[in-house]
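Okay, so chain A shows up in both of these, paired with chain B first and chain C after.
Entry: the complex of A and B
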């Protein structure tokens, strides 16, 4: 290794460590705060004298997190299943078929990525109310699916476009129908991208706060992040307990990512390598 | 088995014409090679037979049936792609069985045919491997196997050897030819490699800019090129061309260009100007008493020692060039002068206006 390469490596590592620190410090801070004795004033820079792991049990029971988790699980799983299914169908059509108006239609989908939820929330609220869906999981699921499909179609189109066209053509000659080509050839080919999409959609849906706050009125239908808001309102001075609640809420997403990280990274790289 | 017939087939991609009024009969059981440079329309013609592109006008018949609007899966064809297009998530066995499964062939029959085809190709031990675990040559065989197992009426092959190294390519092309002899299916094979075309094809269709330039067996295409394009494209090294003036006198034709002057018996009727084409193997170092037309004096521009022979690039006065073939032990310096003679009857003549062949002198 010559001097220039060595210096470059040092700079690269220094930058990576710096950004890792920026990303991980708040998470570390929240976790440390969550194990301070209940009612004490935590510090992110200092470990507590003893670890109060019991805070998690207290937060779970007192914050009704089992109820919020149930809501979140119902919403997130439904959103993942519906959004992934629709995104695969949309992405397959845009990525493998030539049809009139496909460009216009695709850019219409992309609009969903550009327009923020905050811009449409008021009209959305009235629409949902007119459908008698306020304070239902259905409302949350429908609105979140519509948002997730915008990104999902964009993502799956790119994944299917990276498949060699000859694969589709070989399958057509082999006698496969459009539907069979999707099931038997393209979905297995795009599986890493589909898994990545599922992880991203799950994380997005699980962390959704704003919609749950606006579209639900009872605690029964609140999702975990919105429930955490209610919980932190009750224990406004008890930082360790609030931090324990935050850790509980964040845990499922972290676990899903840890379980699927290899496939997630492969999925992200699929488009990057094949262009 | 079946014939394949193109009847005035035209294909446009938006404003670009990829194939123009293309007509050709491919006989039952024939190995037909489409050869031509990039953009000549050879792959388009193949894809039209496969049904992967729609015809703009004209008709394609497989057997007696017009297939213009028939879906690829109903054409009873199989295709080997340039990149092999093996399904990456499936084993070789599953790849081979896929087409039969889609056609609802009974399981026992699928297993029997896959085993039989694998044995023919010598790929039994590869059946449980996925494409990523195969070398280029093995992938090529697996792709051939996938096509063969279907026992289609027509085989279509789109430059299937172009991703193989030179040695494997030579080996595989003779194997494909051998397989064709065994199976006997009508085969349409696309390549840009004229050596591949000449060695494999029962007949060769030379294509240029979407038009069929000439069709015939390898010998006729080589010996009697229909035009300047075919003469230049077929043969390696290429035929050299020189435009010359013609003077006729007493049954003799004198071809001249600047200081270059060739006198030969006028066996064909010639206009005032012709394009003269000479293949390297017909141009040799001049020596007195040789049965050659010439001499033509020029300067040695380059010398290529190929082992079995030596090629000499000769610059003629006035800027024209010839390539001559010489014995491998010939010692000659670049920049020196050299006299070349041409075998009688081996000067190919073309009309400068139409570039069509006018025979040989």
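Entry: the complex of A and C
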């Protein structure tokens, strides 16, 4: 390596480190703010003289976060299970079977991804109200699943399309039914894609704010991000407590991301740049 | 920010038909396929397609959400151009597009250009760190930035420390700085995603192309325009479309950071939909803004895909 390329490499790494630093510093900032003494006003990224970890306990107990977490967990788990199940079924049909209208149906599904929630939310609210489902987890689950299957069907179709034809043909010749082929061959084959779908769906459901804001009215059914918003309204001037609440709300997604980052990044990367 | 999971598939919709490879499906036609698709389709239709049609219908009414609505034809759509608040909300998204799309894309391209000439060690770690803002809850990040911008927060404190105290201000409460402050949050949230995608694209470009360019004596700038940029054209399309959609659909950060204010200085279409439908009883107008937003998203996505589409494919 000669001197110019070495210098170039150093500059490149310095830039990469710089941009990583910028990406992280507000996130670290929240963490630092969360351990300042409750009621104080942290005004820099300097660490406080002593860490007030008690803020997390205060936020958790006084901020009803255990309740918000229960709501979020119930909604997110239901959405992941339902959306993944329905997407596998639909994607399996689109990816392995020939039938009339398959193209039109498929494009109808992925159209759902461009329809912004803003275009449907108004009448959605009145629909949910006429179903007597305002302020229920069911409403959030149904609406979120409805959005998630649009992507899920697209994603699972692509996964099943990449299965070797010989695998399918062999099973068909052996007389396996479509149901058996799905369970015995396609689901094991598509498992990595299914796992990625579950991870992305979980993160989206956990992070969802707009729907919770519109469709939920009582504290008891609020999901974590919406709960954080209510909490911040109650403790408007207490930055350390709000920051502690923010850290608590962020934690589950950060943990899933750190554990399953391969699935995360594969999903967004190979998905977005497929073909 | 748009759902993580929505990202890949949006591109499928806007891709040119040539890109969609003709996939032949095996076996004879099977009617049972409809059964497999039915459950997903029912729930999708019930909570996406039906409300869309109803919303379209609502947009022709003047309705307060309680009493009987009144048919007003296209007047809710005319208001998109004549009502200064709605018009401003769309103009604000133009500013946000600069911050959510142009700036992050420029940063991403710069890094892609530099990194195209080397192997990156520790890419997994860099990728993970850069990706965190994309993964984390909008609401949490918006709170972080609300604190940073606070009159007594770190930004003003920092300016004081570096003897730029005269610049201190309530960034989110000032008519001149509130919108760019929200925008800067967007740039921060998006650039990691842009960089990751561009770096992935650059790594797919065959090294022989770079060697050929170097043999021809191309300098770094020529190399960027002749090899790197065409090589990541597809990633560029993806990133531009997605970040534009994010800019157009901004809601969470505006709601948390400024609530549309001061005055209406940071209001955006999504915020107006929420505000009108659920707070001020202008349901028809809200529906019309929502439908208009959808048309804009469609047009922008389609337009960008057409402009950036490789001509030779």
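Criterion: the second predicted complex is superposed on the first by the 239 of 275 C-alpha atoms of A that agree within 3 Å, B and C clash if a C-alpha of one lies under 4 Å from a C-alpha of the other, contacts with A are read in each partner's own complex, and residues count from 1 in each chain.
Everything that follows uses one rule, which is that a contact is a pair of C-beta atoms (placed from the backbone, for glycine too) under 8 Å apart; a residue touches a chain by one contact, two chains touch by 3 or more.
Here the structure is a predicted model, which is why all the values come from computation and not from measurement.
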Overlay done on chain A, so just call it for chain B and chain C: clash or fit.
fit
Partner chain(s) touched by A:189 [first = chain B, second = chain C, both, neither]
first
Answer with first, second, both or neither: which of chain B and chain C does A:180 touch in the superposed model?
first
Tell me the angle subtended at the Cα centre of chain A by the Cα centres of chain B and chain C, rounded to the nearest 10 °.
90
First, second, both or neither for A:169, with chain B first and chain C second:
both
Most chain A residues touched (candidates chain B, chain C):
C
Would you check which partner chain A:57 touches, where first means chain B only, second means chain C only, and both and neither mean what they say?
neither
So in the superposed three-chain picture, is A:228 touching just chain B, just chain C, both, or none of them (first/second/both/neither)?
second
After the superposition on A, what does A:47 contact: first (chain B), second (chain C), both or neither?
neither
Once the structures are superposed on A, label A:255 by its partner contacts, choosing first (chain B), second (chain C), both or neither.
neither
Report, in whole Å, the shortest distance between any C-alpha atom of chain B and any C-alpha atom of chain C after the two complexes are superposed.
5
Considering each complex separately, which residues of chain A are in contact with chain B in the first and with chain C in the second?
169, 172
Any idea which chain B residues touch chain A in the complex?
50-52, 71-73, 77-79, 81-83, 85-89, 98-99, 102-103, 146, 150
For chain C, which residues count as touching chain A in their complex?
3-13, 15, 19, 21, 23, 25-34, 36-37, 39-41, 43-44, 46-52, 54-55, 58, 107, 111, 114-115, 117-118, 120, 126-141, 143-145, 147-148, 150, 152-154, 156-158, 188, 191-193, 195-197, 200-201, 234-235, 238, 242, 245, 248-249, 251-252, 255-256, 269-270, 273-274, 277-278, 283, 286-287, 289-291, 293-294, 297-298, 301
Quick one: in the complex, what on chain A touches chain B?
164, 166-167, 169-176, 180, 184-185, 188-189, 191
Using the touch definition from the top, list the residues of chain A that touch chain C in their complex.
5, 8-9, 11-12, 15-16, 19-20, 22-24, 26-27, 29-30, 33, 41-45, 86-87, 89-90, 92-100, 102, 105, 107-127, 142-143, 145-155, 161, 165, 168-169, 172, 178, 197, 200-201, 203-204, 206-207, 209-210, 213-214, 224-226, 228-229, 232, 239, 242-243, 246-247, 249-250, 253-254, 257-258, 261, 264-265, 267-269, 271-275
